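What follows is subunit A paired twice: with subunit B in the first complex and subunit C in the second.
Right, the complex of A and B next:
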């Protein structure tokens, strides 16, 4: 029953996800045509009309990258945008350090902050780089779109698992079988991460790392999937978010490292002494490339799918622009079909990438936490070990 | 303007927020979700394992008991058969003894009977001898009394014998 409903929701979601960007893009193109006649007096005034998208001489382009990058508002187009609070840690003109809090970007600008709108950009105040009117912004602690959706993911994960934990405390699932599909689903995720990812990768000390890796998996998978909903954004399509996760894995790896692990990095055993100077830097570099690759992989995967979908939809308007409306309409079925395919692929990728991130994190921690008990079999005394084998047999 | 600049722009504020968010999420989940859940799962796992172990033990026990029962049954069957055989043998022995005894009794009875008969015969012969002697004397008396010729004598004897035979 619940799955039937989920199915329906999914189809609806896909449909809206395809139709919405299309319609908003179409709208902005219409706006653009209307704007051709509107005289643009000065830059400042044009900024006031940002939301109407009619401030520029440049045609309002359908910008897939912009759609994917972080922002300080929630885009509910064609409904109005919802601005998010801006928080600035500033050094004021008198050298004092303070925190400024505004309900929205517009409020900040009204209070004296300056929006630096790039020459040739089609964005308004909302997309502009904000600088302090006087003094200097030290850290921009504003609540961004990606942060908002990361928080939403956090709430979803908490909302899903805290009641379930309560059920376990009451004995359902402990003394009895887990009851209900939702309970079973959530439990199977926990068991999947613990039994199929963490334990095989880390070994005997695995259970110490289960809470971290479970949190990473569920947070990432929720973030990834939330980006596929209409009006949603993918927090994990932000390099800062993935960097935080990768750094967490890095820190865990550092603390998991055994004496053997560090020895293998700083003085690899069983390697000719002349090769060591080459290998040691490589090993040290490897410490950092692993989490770096983690961060980039998740970020790139999550960004790429959205970009491809938006580009495919954008094809419609490119063709319409180049060859006229008839060709544009002709491209619609192809674009939509491809976009649908990529969308379905993205659902898969959202889950796979969460799995991959967790799996690799577990592997890295496992590699660091492993206790080597066979220092001999690194080749330099293979004969010796062969002799021991023969002696043993 | 680099196309992807927005995507890769460093944002310290977001970084700090995310770090705080993630640590908070992990702390809350670890304290209130993963702890109870994994603990419950482990206890359930242990429960199931224990139950299975117990079932296996019980099965082994049952098998052992069954085996015991089988041997016990076999033993009792064997002993019952031995008892039966012994009883039969005893019965046979008793019967044999009985038969011999009976035979002996019969034989002794026969012997007694024979001796009785022998005795009776002897006494009968004795009696007969006496009778015959008496008869001979009687007959001789008659002959002597009646002085008769041979024919008469013969007739007298004959008559006498006739009367005798009538007795």
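Right, the complex of A and C next:
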């Protein structure tokens, strides 16, 4: 049964676990090389103070981009932040390579790591770039906010679907009708993915790809929706998470590719020989732009919605700063109404983008998996066979 | 004017133009698709699938433009 392959989630989990911290290491290297720009938006949120002692005096800034980006703590403001473990693969001063594990960023700093707080940044140690006191951090394997929420949504999907999978193995739902509200609810999603997305776009070999695409759909939709909960973060608003998903689709497309598919890419039939040098590079490029666009689309859609909500809320503080507190209070109803509207739109977008991601993955796999030539018409076959039957009789 | 200011201006204008182009493209695509599915509701599934493929291609190009704008704005 298709659910057996939910194990794919584990593969995804490992892949994201590897790629996500590496990316943050790469990013912090970039930060190291070129000093980062000042925070993009400068709306002030006067009543939120930073916990760290050295920044007690100035009010914390409200930074929408920063709020959406990855971090090494869970933000439960106004309650204290919950720091996540830091894991560093480090080359020590004597050239030995080791792994350091700390419960929190503060513990790492106390143990000799140095937090480089940027000039003019409003965050404390938590937002700073951590460097080794002696030696060099090779890979920053720390658990980050987005990784935490990616794992959380994987656990939710596994927790919801593994018991259901067990019931299917016993025959409940396969031989009989599904029992219970929960089972019925979840089966409707499975059938939606199989009958409305995968089968129409892949064709006869569709059922082989249902497990992967179902896993992707459930993971993405859970990630997207978890970001809309209070204190939640959207793991799919991180380009690395979407990139891993797109790479998985790319690998599936590679393995699904038939002889015809590769022929169409490397030696397109029915095209003048002089056009081929132009077309072949375009086709090869198209191989990579498809998953690239897949990753960017999900990432951009999930990031943009959150930024818009936060910017609308930020307008209150901008207006209060510019024209005084009274105007600020006046803007509140308008801002909140618009933010609520965008928020409701976000719920829709979260589901639509999961659908689009799965749909396009299925289409790319389907394009690669087709057996026959595109221009062959099934009608001719039918006519031909009819003619033979007539001739035979 | 500072060069970085010009870069921000270019990024902003570029993002706007990208949105304009993608909006026009997808609008031209979605309108006829709606009409077609109203005329032939039984072909709804096929029309929607091919509409999403075309929309994805248009959106893909728009996203490439957007990525360049983002690079321009953050570097």
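Here, the second predicted complex is superposed on the first by the 313 of 393 C-alpha atoms of A that agree within 3 Å, B and C clash if a C-alpha of one lies under 4 Å from a C-alpha of the other, contacts with A are read in each partner's own complex, and residues count from 1 in each chain.
Please note the rule applied: a residue touches a chain if its C-beta (ideal position, glycine included) is under 8 Å from a C-beta of that chain, and two chains touch if they have at least 3 such contacts.
Remember, it's a predicted structure, so these values are computed and weren't measured experimentally.
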| item | value |
| --- | --- |
| Which of subunit B and subunit C A:243 touches, first, second, both or neither | first |
| Touching partner for A:174 - first (subunit B), second (subunit C), both, neither | first |
| Which of subunit B and subunit C A:111 touches, first, second, both or neither | neither |
| Touching partner for A:158 - first (subunit B), second (subunit C), both, neither | first |
| First (subunit B), second (subunit C), both or neither touched by A:282 | neither |
| Chain touching more of subunit A, residue-wise (subunit B, subunit C) | B |
| Which of subunit B and subunit C A:214 touches, first, second, both or neither | first |
| Subunit B versus subunit C as contact partner of A:296, first or second or both or neither | second |
| Touching partner for A:359 - first (subunit B), second (subunit C), both, neither | second |
| Doubly contacted subunit A residues - partners subunit C and subunit B | none |
| Subunit A-facing residues of subunit C, complex | 45, 49, 52-53, 56, 59-60, 63-64, 66-67, 74 |
| Complex interface listing, subunit B residues touching subunit A | 1, 3-4, 6-19, 21-22, 24-26, 28-30, 32-41, 43-44, 47 |
| Residue ranges of subunit A touching subunit C (in the complex, touch as defined) | 37, 200-201, 289-290, 293, 296-297, 300, 356, 359-360, 363 |
| Subunit B-facing residues of subunit A, complex | 65-66, 68-70, 87, 118, 120-121, 139-144, 146-147, 150-151, 154, 157-158, 161-162, 164-166, 168-169, 173-175, 187, 190-191, 194, 207, 210-212, 214-215, 219, 237-241, 243-245, 247-248, 303 |
